[in-house]
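What follows is a set of structures for review.
Common to both upcoming complexes is subunit A, partnered first by subunit B, then by subunit C.
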Partner chain A sequence: MFEARLLKSGQLKKILEAIKELLKEATFDCSDSGIQLQAMDDAHVSLVSMYLKSTGFDKFRCDRNLSMGINLESMVKIMKCCSNDDIMTIKAQDNADTLTIMFETSNQEKMSDYEMKLMNLDQEHLGIPETNYSCVIKMPSTEFARICRDLSQFGESVIIACTKDGVKFSTSGDIGSANVKLSQSASIDKEEEGVSIEMQQAVCLTFACRYLNLFCKAAPLSPQVILSMSGDVPLVVEYQIEELGFIRYYLAPKIEEDD
Partner chain B sequence: MVSNITSNDNEKVIKDMPLVSDTTFNSKADFNQSPLSSKLNNSHKISLNVKHINDTSDNKQQKVTAFFPIRRSARKTKNIVNEEKQIALEEAIASQNEDGLKITVFPNKGRGIIAAKDFARGDYVVEYSGELIYIQEARKREAIYSQDISTGCYMYYFKYGSTHYCIDATPESSRLGRLVNHSRFGNLIPKVVEVAGLPRIVLIAKTDIKRDEELTYDYGDRSKESLINHPWLAY
Partner chain C sequence: MAPRGRKPKAKNEQDSTEYEKNRFIILPNALTKDKSTDLQLIKLRHPQTSELAIFVYSEKDKNLAQMRSLPFSHRSFFKGNKLIPIDRIDFVTLVDPLFLFLPYFIKCSSMFSPLDQILVDEHLPELNNLLMKLSELTNLNQVATRKEIGDLILWKYNENSTLEWLTPKIDKVAKVLVTQQINVNQNAAISSSFKLCETSIHSTDEQYKRYAYDIISEYLHSDIQKSLLKHLGLPEIVESNKRKADENRDVNKKVKHNKDEYDEMPHKVEKIVTPKLTAKDKALKKAATGTKSISSFFKKSS
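Let's look at the complex of A and B:
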């Protein structure tokens, strides 16, 4: 039997908003330690890795490891039926082919439950090696979303260059070119409001704007985004979900053009 | 006058200026035009380039699978494991492989089989091969065999499904399964394997077996009559 109770259903709503455009369906792997999800988009260019730890839930019980294949669109429909402050409970029997989602208002005057069919998904799992990234950039998630949105007007790919001076996002296209340069914040009151760069080695990689924009849908989950880069490996865009876990997006770089 | 001159000068200047400015403007325009056209060309080129990128975007865009290996779970379901075991056993039986076994003559109990190599627990060791017969036939034969004391006991009775069978390995053959001796605490365990719809008996290592250990299994016969005829069955 699997049962997980979340005091703020809005959190799961935001998580689904953050992945539903990349993934049509995904397998939620439930175990003692929590819920994990790993899936690639159809083009196999990006990878979503999500982990919600059991201790982040109000109540969490998972007797046997369970893999639930979920159509995310259907789940989004169900999640639209609740308000953000509702208490949410997800339940499934050990060998069930359905998932039950229950919402109760905080004053417990309204209870609703929804049952959703599960799917058997045959998805490939990727082994992600432990990597010491050459550059780790922390910045406000809204700032990153803004930069991605702005630059995507100009070109399809964005070059992210990280040096000791700062990080530069640049692109060029039909109408011209655009550059945004961020330097490390001198003094920060709150850590998540500033830009911080840890760098061992300068890195310059090219990525598809479209995917970065899709990753930015996770911005409501966390005030801060962490970008990790190393030469010729996928970029990691990580959003920490407070007290619950994280979502990481991996994006394969584009092969740089010879100018 | 002075003012006139200055005005004239100014006029001159003004008259001149437009010319100059015109020319400069024109030259600028010209200067601009050529780069503009080249720029246009450039932008055209850029757009072509972009199109080119578009066309080859799939080539330029790498995939995450190129960086992270696909992890194939080594875990198998119980059914698959059992199927694999069954197939391995069937193959072993079909191969009639009797490697790693050696006939040895023991002073007190006659022939026996010792291991010529190490076997791990669960390994297939040898088939108890002989003629598969029904129990009625076996009883008849047993009656005949019992008249001749020199005949050993090579009848393996067992039940498979709801049918009682017997494997009669009494006639001398080159197969070694029939020569494995009895021990109540043997290191082999018999197992029925169905091959092509018929049951076969194989001996499986019950524990890890070291080289040169004698191979034995429990014949399981504890009936009074058998014990009288074959007192060693008690050990």
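Let's look at the complex of A and C:
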């Protein structure tokens, strides 16, 4: 028996919005420590890793480890049936082929439940090694989204160059080129509003802009985004979900610009 | 011409051993009325295949009949107290010689020609005389246009009148099929032990017509077959061959069977296949080009 109660269903709604365009279907692995999801997109270029810890839920019960193959599009449809501050409960029996999602309004006056068919998905789990990244950039998630959006008008790939002066996003295309440079904030009132760069070694990598834009769909989940880079390894774009867990996107760098 | 399947009253005649031992020949009444008839076996080109086939010709009765042979081994019948084995049954049915002439007429359809120049077999000139003789039995106006120039009579093939001549034949055959309750369904089977329940016969007029057409077409060249089909207003079906249709049927059965097996597998939930690619998917795919696969960075965990 698996049961998880979340006080703010809006959080799961946002999570699904953040991954539904990269993944069509995914396996949610439930254990007593929480819910985990790891999946690659169809092109096998990016990887989504999500972890929702059990303590982040209002109530969490998982007697046996359970893998639920979920069609994300269907789940999004169900999540559209609730408002953001509804209380939601997810339930599934051991070895069940359906998942029950229940919503209740905070005043308990309206209850609704939805049942969704599960799928059998064969997905391979990738082991992600612990890496000490050469550069770790923390910046406001809205700022990152803005930069990705702006630069995607110019070119298909973005070069992210991190030096001790700051981080530079640049691209070029048919109409010309674009450069955005961010320097470390001098004084900040709140940590998540500023830009901070921890750097051991300068890094310059190229990434597909469209993917970065999809990662930015997770911006509503967290005010801050953490970009971690090292030479010739995938970029990590991490969003911390307050009290609940995190969602990380890994994106392999482009090998050659002239493709 | 007698339609296939309608057996004239049987009268047996033991054939000479010239052809094959123990042949059992079924002759139509028209050929046996007169004991002194001068039946002779002749070889002519079959109108559909233009291969040589055996026909029975009676000059006196002005009859031409076709012989269809059916191997029929390990059978026998009683004649009085005598047991007579049968190796082969020959059905003899009357044929309108016009059918045999059609290929010759079509060959010379480009211009008006005298008959003795139309009914000419290039490879077997010995047939020419015979063909001319046979032409006296028929009304050539049914398939050709006649023209008289001086004392010369010229003929030219006329497709329209041929089709007009063939259509009533098909209607006639179809009528017989209906009255004899012959099952014209494509997957019809012949069984001596089971009779088709009447309620299960629900062949349409079109099916009867098509079946009749199939019978008549056995005497027609493929070109005429096509125009006849059009003339009758029957939709063209690629399979005029029953066996082909049966093969398809088998394939379908197989697929169905496999599907059943598949369903029996202990599937939790069937995976919903969504093969369609939206413009977004395509754009994403394009964006992914030039990028290494992420699985080359992360090892698979067991």
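Note that in this section the second predicted complex is superposed on the first by the 255 of 259 C-alpha atoms of A that agree within 3 Å, B and C clash if a C-alpha of one lies under 4 Å from a C-alpha of the other, contacts with A are read in each partner's own complex, and residues count from 1 in each chain.
Everything that follows uses one rule, which is that a contact is a pair of C-beta atoms (placed from the backbone, for glycine too) under 8 Å apart; a residue touches a chain by one contact, two chains touch by 3 or more.
On a predicted model such as this, the values are computed, not experimentally measured, just so you know.
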>> Taking subunit A as the common reference, can subunit B and subunit C both be placed on it without clashing, or not? Answer clash or fit.
In response: clash
> When the two structures are overlaid on chain A, which partner does A:I87 contact: first (subunit B), second (subunit C), both, or neither?
Replying inline: neither
>> According to the stated criteria, A:I197 is in contact with first (subunit B), second (subunit C), both, or neither; which is it?
In response: neither
> If you stack the two complexes on chain A, which partner ends up touching A:D174: first (subunit B), second (subunit C), both, or neither?
Replying inline: first
>> In the overlaid three-chain picture, which partner chain does A:E21 touch, first (subunit B) or second (subunit C), both, or neither?
In response: second
>> Applying the document's definition of touch, where does A:D97 land relative to subunit B and subunit C: first, second, both, or neither?
In response: second
> Who touches more of subunit A, subunit B or subunit C?
Replying inline: C
>> Quick check for you: in the superposed arrangement, does A:N120 touch first (subunit B), second (subunit C), both or neither?
In response: second
>> On the A-aligned overlay, A:L52 touches which partner chain: subunit B = first, subunit C = second, or both, or neither?
In response: neither
> What stretch of subunit B clashes with subunit C when the complexes are fitted on chain A: 59-67, 113-121, 167-175 or 203-211?
Replying inline: 59-67
> Do any residues of subunit A touch both subunit B and subunit C, and if so, which are they?
Replying inline: 40, 43-47, 124-129, 156-157, 208, 233-234, 250-255, 257
>> With touch defined as at the start, can you tell me which subunit C residues reach subunit A in the complex?
In response: 267-272, 274, 280-281, 283-285, 287-301
>> Using the touch definition from the top, list the residues of subunit B that touch subunit A in their complex.
In response: 43, 46-47, 50, 53-54, 57, 59-71, 73
>> Quick check on the complex: what are the subunit A residues that touch subunit B?
In response: 40, 43-47, 124-129, 156-157, 172-174, 208, 233-234, 250-255, 257
> Touching subunit C in the complex: which residues of subunit A?
Replying inline: 21, 24, 40-47, 69, 71, 97, 117-121, 124-129, 156-157, 207-211, 214, 233-234, 250-257, 259
